Amino acid sequence: MTARTKTLLGFAIVAVVLGLVPNVVEVLDAPGFYLTFLFTMFFWISQSSSWNILTGYSGYFSFGQGAWFGIGVYTTGILATKHGWPFLVALPVAGLVAGAAGLLLGLVVFRLRRLSGEIFALTTLAVSFVLASVARLTSLIDGGRGIFMTGTPLPEFLGDFRTSMYRMTLVIALLTVLTAYLIFESRLGWGLFSIRDDEEVARGLGVPTFRYKMTALGTNAFFGALMGGVWALQIGFVTVEDVFNIRVPLLVILMAVLGGMRHWMGPVVGAAIIYTLTDRLNSAGLADVNQVIIGALLIVMVLGVREGIYLRIRARWIASGVIFFGAMAALTVFDLTSSLIWDFSYALLITMAMLLIPTPLWERLTRSRITAPPSDRPPEQPVPSKTAGT
Amino acid sequence: MNLLTCTSISKRFGGIRALDGVSTSIEEHEILGLVGPNGSGKSTLINLLSGLYAADDGQAVFGDRDLLRLPPEKIAAAGVARTFQIPRPFDTMTVRENVSVSYMFGHRRHSLEAARDAASEWLAFTGLEAVADSPVDQLTLHQLKFLELARALATEPTLLLLDEVLAGLNPTEIDQSIEMIKRIHERGIALVIVEHLLRVVTSLSHRIVVLDQGRVIASGDPTEVMEDPAVVAAYLGGSRPNA
Amino acid sequence: MDVDLLAQAAVSGLLIGGLYATMAMGISLSWGALKIINLAHFTFILLGAYLTYQLTTTFGIDPFLMIVVVFPLFFVAGALLQVFFEWAKVDEFRSLLISFGLFIIFTSLVRTVWTADFRRISSEDNPYASASIFIGGVALQVPLIAAFIAAVVIAVGTSLALSHTHFGRAVRAVVQDAEMARAFGIDPRRVAVILSGLATAYSGLAGVFIAMFQVLSPTMTFAWFGIVFSVVILGGLGSPYGALGAGIIVGVVAGVASVVWGPLSAPLVTFLLLIAALLFRPSGLFRRSPA
Amino acid sequence: MRRERGIVPRFLILLAVFALVAAACSSSDDTTTTAAAAAATTTTAAEAATTTTSESSSEPIVVGGSLALTGFLAPTAAIHKVAGDLFVETLNESGGLLGRPVVWEPLDDESVPDQAAAIYERVISEDGVDLIMGPYGTGTITAAMAVAEREGFVYPHHTASLTYVYTYACHFPTWPTGIETNITNPNLVYDALEESGNPPETIAFVMNEFPGTQYIGYGPPGSDAGGAISEAEKRGWDVVAEINFPTGTSDWAPIAAEIAAADPDFIYVGAIGVDGTNLLVALDAIGYVPRGHFYQWPAPGPLLGAPNSEGAFSVTTFEPHSPFTDAAEPAAISEAFSTAAAAAGIPYTAFEAQASVSWAAWQVLIAGVEGAGSLDQQEICDWLINNEVETIIGTIDFDPAQQNYYGDLTKIKQIQNGQFVVVSPSEFAAPGAEPQL
């Protein structure tokens, strides 16, 4: 069995297991928030994975996630409310609209060679500014009145609202990550990596850089918008201020970089960890301290795990597995906390503490060096980003 | 017959004429030495032929295509590859991955699996198997130069442009490199070598073209060319060859 | 269209452009020259403003005196921050994230010390809030005049320093090629530390002027992102004159647009200008391409 | 070799921060255990409700919810935190609810709607709280209302401005602007202007492009009901300027210049927070003194301090003066609030609009529970719909026919001699105070 079939099998299993979660929750009469917790996590996983397809793979630093997200929110919002489209029809359309917008942007910025590096990052940022002010100005889109999504009908087969949200976000997240994986393991992926490392040389070796960058940008925009649509449904009332702010673009960068941008699993891990920690800190109810901790954690993790948490887990997979599942088991069996989510987050924290041990020190502690499988990029090299100046 | 025919190629950088109507040609299976004092336009020509720069004027007919009108990726597909004087490997990839990527694209598209096998083949050919799976930042300059070669060869070129492969190497490494170039040539690949070390060029090349201030001042049999008074003048008058 | 109206809008746009420039200067320098996308600068502006509020309110110091207090203070802070960045050895991605972390921390610091509620220097302690000089019926608001002058001084001073002093040559050498610079006996770290100190001090100054005429709240930073980044982009990374020019352009264009097509159009016009600039002069309106 | 340098200090820092995190999580432990306890009590309470309602226990009743403790709504949300804490404190001192103490620890929704929604889902279904209280701000309130509706929780809320979209049967608003805010609210203001004896002939509108203020200015989107502007025209007043400005405007000079150019008798500023203050500063800077002006939802402290703010009108529901403070209880409450607010470091400590609607929302919730005599959401909801509630902002009679809204209880206040005083309707006016223009 090849590595690919193994991974795809893994996807299938994960899909089935997660797909059954709503039923399990129902049977066990577990807190419905478990579903909310998971679908919010799926939201961030999808967002950061889609961002990573462009920036992580090709090295083109995008500040523009908010733009794709916003296009998704408003397209679904307008189609589903003002034109009464079925939500499940409006959603993919929103994705396509964003994808088209992405390609349009790419057509301009990738044609002009000088628009790489910082300039690309700044252009994507500027684009989301423009979109915001257009939305605010045109009453067809928002006109400063906001759009109400509450009461948007959802098809029966998705179940009640929370379950529907869960199922939709699950499908989108799975699609995003699957796409990220398939690209990662394809000629497209390798082409993008070579662009990230040295675009000039890549072209010289025959990589169709323009087409590949367009593909990456389009894919990023498409998935970014899909999740945007679902998000609109969850908050029920969307306004320009809530949609086009720096929160989404900054958090996706944060999650992907912490998880590791050089592997398709990186953003998934990053999003899962960051979201879990922030949710629990918030639940702990310490407003300001909470913010300070998040800020500090961010800095520490950026400095402490340079190659990204995922690759470090790969490098210490035995220890990670033992510690995480050990802690998880202990916490649940002895029922030390009030909910599974708490167990999960504590297990996470303990594992993180282990992961944060600097590699040389770790190697001194565990004499036997555990190396990652060859399919991975070698750890410990900082990612050269296109913004790193030329 | 001619593999590549260059006619009156010109390139200006601001006021400076880097190339001024250069015309020359390369035959199949030929090793062409491209020499000349610093700033005579050798590297510029390579950069034009590999599509890195856009030419102001002229033609470089390769098969039925004009290289000067093609983007780099098309040039690679056409079967022309180059190496860089200062190696530019993909530095987040392993040696093997570097080579497989160029095989995946290059002259024809290939699957990842095929690329992995081809990579090992070229790594073997360039004697890099030992470091195949180590990150490139662990390689010596010598190895990096060979990686450049392996990567270029993996694109399955019919014409290979070598930009100062020997610069910065010690004598034994130079000899190994010369062997390597010969073996590449034995595979039926035509070569253009830009080199400062005249003794090497003369010993390797079938033919030599001498550039000075963007013009071809001599071309033909190596030994004869190097005795041509114009060439000697150019070298003595211009900056000395750092041999 | 009323001419006086246009004149007033243009003039005050020009002046507030100076404030935008001062706000953007630090970020532009640190991104352009230090390769650090330093979001913390937004909180430096905020801290500068709150510090001004506090000292003027408690000791009744003249707000203008705060300039001499804030500048050195923030210079040191910025220098220390750079020492930290040097130690951490971060690329642009990470610099962005780390400075975002600092942004969060400083913001909650401000919120803890001064509460989330609005703060405003009382008219007794701050006579300048709405003080103006009138020239032919056109009003020039004192705090903005100050900000404008500051911006000009900073821009001219910085670029003179960059082009004529040894330090300046060192900076440019480092920006082009740190290794090479080191070879010529320049210590890139010391250069960077000084530069970061200056950049931070500039941001602190902007805060002083803001406190002079605006109501403060810990989250006012978010309203700045758009305008400041526009100025940074238009001006070209690391270019003092660029930042000044861009600030003025943004200020005037937005001001005129808001009287001609209404205030709602102001951001749109600004950002479209931005896109246009990126497409046709990607390295900034005022400058040959950076580094 | 880069990694070799400074490993030890770096690692020490990592440990330090992890200590921090650990600390945070252990302290969070407490809240979870309380939450767990709460979960336990809900079930018992629910049983109690079904079996005998008189059964009392010492387990606390947990009220869940969020507030914008951080983010752009935080400045005003801070007031609601103080008000809520004070209410719960006084409630517990007077024997609590159903003989049980009440706990309210609002979580931080960061002014973000999806955070708010997630928090209400969490406190209801994971922490198992007994009751919920709405957050601050239209966006978050709307997002959380959807959750409350799905979970069938009674949802009192104090500051939601878009009356036309709230259809949940068990939402209980104490933002007392009536279902037709766009009509009733401006007219209260205009009546006050008429009362002044010399109503304006020309009026200028400066409207923030924010859903709440747009609604008052123009009516609900997609309807031709109109709002403040059309109502002014109905009175034959000449609208000489209509300026819409985006949220986050930093350059007020152009807007000020336009107003000065139009030179209206009266300026209607449909703005939130400190926009009004910034506008007054800008007006003063170009040497223009407004003859009459109104501010929709201003931050009172900064507005008082602004130049030429004397004579500025605004809306309120309570002001710390007679007749509001004639009764002993409201007087004591407003006193206590000012003390608490001062202690919390809030600059403007008067017990007025924001604080009083917050207080009223709590009164509604408590009245419902005590009226129903149980924690059963449906029973509480029914009781509230079928009974009047006495609140600090007046008697509230939730009317299902009007989506649980009721008459517009808004009062009009004006800055006179550097103080906010209610000037209209006359029965609520401060002694001797009347609208001045």
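For reference, chains read A, B, C and D in written order, and residue numbers begin at 1 within each chain.
As a working rule, contacts are C-beta pairs under 8 Å (C-beta built on N, C-alpha and C of every residue); 3 or more make two chains touch, one makes a residue touch a chain.
Please read all numbers here as calculations on a predicted model, not as lab measurements.
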Chain centres computed over CA atoms; the one at greatest distance from chain B is chain D
Give the chain pair, either A-C or A-B, that is connected by more C-beta contacts.
A-C
Distance between the centres, which are taken as Cα means, of chain B and chain A, whole angstrom:
43
Between chain A and chain C, the Cα-mean centres are separated in Å by 32
At what distance in angstrom does the C-alpha mean of chain D lie from that of chain B?
74
Centroid of chain C to centroid of chain D, CA atoms only: how many Å?
35
Residue ranges of chain D touching at least 2 other chains are 69-70, 72, 209, 244, 246-247
Chain A residues touching 2+ other chains are 133, 136, 144, 288, 291-292, 296-297, 303, 383-384
Taking each residue of chain C in turn, which ones touch at least two of the other chains?
107-108, 111, 222, 226, 264, 267
Touching pairs of chains, which are they?
A-B, A-C, A-D, C-D
Residues of chain B touching chain A in the complex
50-52, 71-73, 75-77, 81-82, 84, 88-94, 97, 100-102, 104-107, 109, 111-112, 133-135, 137, 151, 155
Would you pull the chain A residues touching chain C in the complex into a rising list?
61, 108, 112, 114-115, 118-119, 122-123, 125-127, 129-130, 132-134, 136-137, 144, 245-246, 250, 253-254, 257-258, 261, 288, 291-292, 294-299, 302-303, 306, 382-385, 387-389
Looking at the complex, which residues from chain D come into contact with chain C?
2, 6, 69-72, 74-79, 111, 209, 243-251, 253-255, 257-258, 261, 273-274, 277-278, 280-282, 284-287, 299, 301-302, 305, 307, 344-348
In their complex, what parts of chain D are in touch with chain A?
3-4, 7, 10-11, 13-14, 17-18, 20-22, 24-25, 27-29, 31-33, 35-36, 39, 69-70, 72, 105-108, 112-115, 117-119, 121-122, 124-128, 138-139, 142-143, 145-146, 150, 165, 167, 209-211, 214-215, 221, 244, 246-247
Can you name the residues of chain C that touch chain D in the complex?
2, 4-5, 8-9, 12-13, 16, 87, 89, 107-108, 111, 114-120, 122-123, 129-132, 134, 139, 141, 213-215, 217-219, 222-224, 226-227, 251, 254-256, 258-259, 262-264, 266-267
